[in-house]
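Below, each structure is written out as structure tokens.
Each of the next two complexes has chain A plus one more chain, namely chain B in the first and chain C in the second.
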Partner chain A sequence: MEILLQLLFSGIALGMIYAVIAFGYQLTFATSGTLNFGQGEALMLGALVGLSLVSTIHGGPYLNFWLMIPVVMVFGALQGAVVEWIGVRPAIKAKSEFGWIMSTIALAIIFKNVAENIWGKDDLTFPSPVSATPFHVFGANVQLMQVLVVIGAIAMMLAVELFNRKSIYGKAVVATSNDPDAAGLMGINTGMVITFSYALSSATAAFAGVLVAPLTLTGATMGTSLGLKAFAVAIIGGLTSGMGAVVGGLILGISETLTGFYVSTGYKEVPGLVLLLLVLAIKPAGLFGKAAIKKV
Partner chain B sequence: MKFHLKSLVMATAAALSFAAMAADSIKIGLSGPFTGGSSPMGVSMRDGVKLAVSEVNAAGGVLGRKFELVERDDEAKNERGVQIAQELINKEKVVATVGFINTGVSLASQRFYQEAKIPVMNNVSTGTIVTKQFLPPEFADNYIFRTSANDTVQSAMIVDEVMKRKYTKVAILADSTNYGQLGREDLERTLATKGIKAVAVEKYNIKDVDMTPQLLKSKQAGAEVVITYGIGPELAQIANGMEKLGWKVPMLGSWTLSMGNFIDNAGKNGDGARMPQTFIQDGNTPKRKAFIEAYLKAYKPANDRISSPVSAAQGYDSVYILAAAIKQAGTTDGPKVREALEGLKEKIDGVVASYDKPFTHDDHEAIKMGMPVMGQVENGRVVRAK
Partner chain C sequence: MLSISNLHAAYGKVEVLHGISLEVPKGKVVTLIGSNGAGKTTTMRAISGMIKPVSGTVMLGGKDITGLDSHRISRAGLAHSPEGRRVFSTMSVNDNLMLGAFPRLTGSRPKGDVNADLEKAMELFPRLKERRTQLAGTLSGGEQQMLAMARAVMLNPDVILLDEPSMGLAPILVDEVFRIIRNLKERGVTMLLVEQFAAAALNVADHGYVLENGRIAVSGPAEKLRDDPAVKAAYLGG
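Then we have the complex of A and B:
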């Protein structure tokens, strides 16, 4: 029983990391129908910029962990806006169906190379803002940082949902995602809304980066595999549903730890990916996604 | 006229010496990962090799010619290693190649050297099979040599430690690379000879961020010690993962537990980890002391800590053994150098050990059983285990 609980806790912490990144994919998909394939790199840049601010590697520490978070999020927002401006806007303007795929991947590779040159290719330790000593919950061990990851991820997603539903700017975002042409005619600057969604998406990724960094190691390559798994989560949960990202993330995270323990650590990623294939075959819009009807 | 003559002489001399430099240097290939998770080993090895080469050259070189290194970063990738091997052999026309950190890269690249009859000095990679790819009767001669402690030697030492400390329940955690899996096989085989069967044998991937299932299985099985076969960053994840679970048993493993990126990333969780070492940075002989001082002076590693002393020392020794063989062969011809390596007359006083006939035709391992010692991580450094 304790074992199962321990596996569930670890799986939830892992799954929430996937969920936040998957959430970032959804934000841009909602407004523009495009995805930022550099989501993992946005996370990596956020973590590394955060590391430079709180540790001694670049002459710091300049800020403590909590004050660093808003700075990193502003950085993430700027980085996302740049991605949209260079990689996505030209593709949307040219009505190119796939141009943005290549350009966001190209930008991701560039960001990774830049990071390798600034921070080196080695993995670095991110100082944990809270004690790493675990405490006991029903006999299972949990680290405070793991709890923070889960809380932070949920808070982030709630904040974005609230913003979309309650504020006038959020309503512009929702309107754009429902019908960009009509929104444009209503006087909403849809181009601006799309840029904003990219900024928001990268800001959440950067936030996720500094959240997970104390639990993992920080380095230029940390985003690649996380970004890919989060993409699988976004597909499983559905690209249009925030709930889907959370559920998808938890499914993938928990299935990894459970399979690793009860079946074999060699197969731990298989069930999640089999589920991905099943979802694509049976319900391509994702478990919680709304099927898009494309009128021709 | 006088002026003309003088300048003519000078120009000729300059041209001659330039030609002599260009035509007469002995080109040695150097292949290793200088970036990525294996880079502490690659960079230390490279610097050890460079140090030895500069000393050999300062002493007049070999056969009156200087060594010239051709360095390439194989990024620990098998396919990169193959490209580099072909480039070094066909384009750079190297006389021999030293290096290789990763067993997989060694195994993928060596075929080209074997075919070209060019000796290879593996100075870090440890997979038992590395020197055994090209054995008679299929291949008359083997061009692959090694100056590091292979996995058979290491697993024997690890198992000795298990016996000495009277552990009966051991868990093995190995990564999914050639290195980890070949090492795991060696370990399981050696454990079996002592009648021990590991209670848990687990696998993980490079870049895995969560080791909970592997560690929980080991804990559940009642393991008294975790034996590891992997590289620095993931080994740190294992040490930190134990803290996450609030479960603490000793870590014991292959020599990679001495890597700087394990020690730094594991911090206090890495203290007490034990591993076989061919070289420890403590200068207990004058020769070793001089080597450490020269290395620190030339490359200035952070906190005066060589990030992988073993790699640096083995790299350093590999150059001296090669130099002695070329001297004895009197030529840079591959087959002659191989013969000289297999019957080396000069006794070489290295920093890892004194080599008296390190290789024979059938034994290409310079490091024999009994040469390495056990090291232990203590306050961010590797010291001799007591």
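Then we have the complex of A and C:
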């Protein structure tokens, strides 16, 4: 029983990481109908930049963990803006339906190579900002960092939701997702909104990176499978629903930890991905989605 | 106020407007009439930046706005209530109206009193008043049309382009739309109006232009056009 509970807790923490990255996919999809397939690499870069800031590997530490978070998010935002600027804007301008897929993947590979050159190919250890000694909840071991992951993920998504609903700039983002031409007529610079959504999406991923890094190994390859699985989550949950991202993330996270323990770690990803295939077959728009992938 | 000269516009390689010139003086209502496909909507799109004109010039209050992005033209003071309403369907009536004032709320146009203008818009468009928190997508067609017009008014613009505000509305609502246009005119709002109800449009307008196949065929004071036999035969039902 304790073991089951413990697996559930780990699954929830992992699932919320998937949810935040999936949420990032949704942000750019909403404004531009495009996705950043380098979302996992944005996460990886965030984690590694964070590591350089808080550890000794590059002559630091320069900042403590908490002060590092905003710096990493600014870095993520700039990185996302660069992706939009180089990879996506030209494709949107040329009305190329698939150009952005190629270019965001190409940029992802480049970012991974750059990271391998700066931080090496081996996995590094990210110092935990809080005590790694687990405490007990109903007899199950829980790490404080896992709790922080869940809180951080929820806080991030709520903050974006609040921004979209309450501020006039957030409303401009929602208007652009509704109808970009009409948004332009309102005086909204929709090109800027798309750049902003890429910046926000990568900042979110970078944030997820520093949240997850203390719980896993940190290195140039850490983002690829996270990004891919979060993509599965975004599809399962629906590309238009924040709630879908959370539910999809939890389904995949929990099914992964349970399968990893009760069946075999070798198969831990299978149930979630089978679910993805089922969702795609039965409800292509996702569990909570309104529309399937629309054209650019 | 708005001055268009020798405007050419195209979709892809197909030229649709072949050199349009028209004037919308300050405080006046000018109507553009013409049959389906004549290029009325295209003219409005080329003015407001939804499409880029091929050549020609568009001047707004002495400022050259030709070929600017639509958000710049909006910030320069031109509001466009587009064909097909295009309200933000997942957002509330209030939010739609606030977005109409986006350039004012973000410092690219004089702010004035946005909240007071919101209340004024509610007086002018009473149907919106009791639906302030309703999502725009759940409004009836007529209500959406009122919202699209009110949203344009919220910019406090120098000129408003209205593209078929009565499209698809029941007769009683068409009357209401024209009542509102008249009301706006009395407040001194400058408007360029495209309407399928040419007779009604010429009644409220000061000046009219008749567009045929992307060219201005006839133009003149509205009362003159109302009595023009050719215009009567073609657009006013004999």
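Methods note: the second predicted complex is superposed on the first by the 286 of 296 C-alpha atoms of A that agree within 3 Å, B and C clash if a C-alpha of one lies under 4 Å from a C-alpha of the other, contacts with A are read in each partner's own complex, and residues count from 1 in each chain.
Everything below uses one rule, namely that a residue touches a chain if its C-beta (ideal position, glycine included) is under 8 Å from a C-beta of that chain, and two chains touch if they have at least 3 such contacts.
Worth saying up front: this structure is predicted, and the values here are computed from it rather than measured.
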Open item on the list: If we overlay the two complexes on their shared chain A, which of chain B and chain C does A:181 touch? Say first, second, both or neither.
Closed with: second
Open item on the list: For the three-chain arrangement built by superposition, which of chain B and chain C touches the greater number of chain A residues?
Closed with: B
- [ ] Report for A:189: first if it touches chain B alone, second if chain C alone, otherwise both or neither.
- [x] second
TODO: Please work out whether A:225 is in contact with chain B alone, chain C alone, both, or neither, and reply first, second, both or neither.
DONE: first
TODO: Applying the touch criterion given at the start, work out whether A:122 contacts chain B, chain C, both or neither, answering first, second, both or neither.
DONE: first
TODO: Go through the superposed model and pick first if A:172 touches only chain B, second if only chain C, both, or neither.
DONE: second
- [ ] With the two complexes superposed on chain A, say which partner A:59 touches: chain B (first), chain C (second), both, or neither.
- [x] neither
Open item on the list: Taking the stated contact definition, name every residue in chain A that is touched by chain B in one complex and by chain C in the other, in rising order.
Closed with: none
Open item on the list: Under the definition above, what is the set of chain A residues touching chain C in their complex?
Closed with: 168-169, 171-172, 174-175, 178-179, 181-191
Open item on the list: So in the complex, the part of chain C that touches chain A is made up of which residues?
Closed with: 48-50, 69-71, 74-75, 79-80, 82, 86-91, 95, 98-100, 102-103, 105-106, 108-109, 151, 155
Task: Of all residues in chain B, those that touch chain A in their complex - done: 35-37, 39-40, 176, 202-204, 207, 209-210, 212-214, 216-217, 220, 233, 236-237, 240, 243-247, 261, 264-265, 267
Task: Footprint of chain B on chain A - complex, ascending - done: 3, 6-7, 10, 14, 116, 121-125, 132-134, 136, 141, 143, 146, 212, 215-217, 219, 221-222, 225-226, 256-261, 264-266, 268
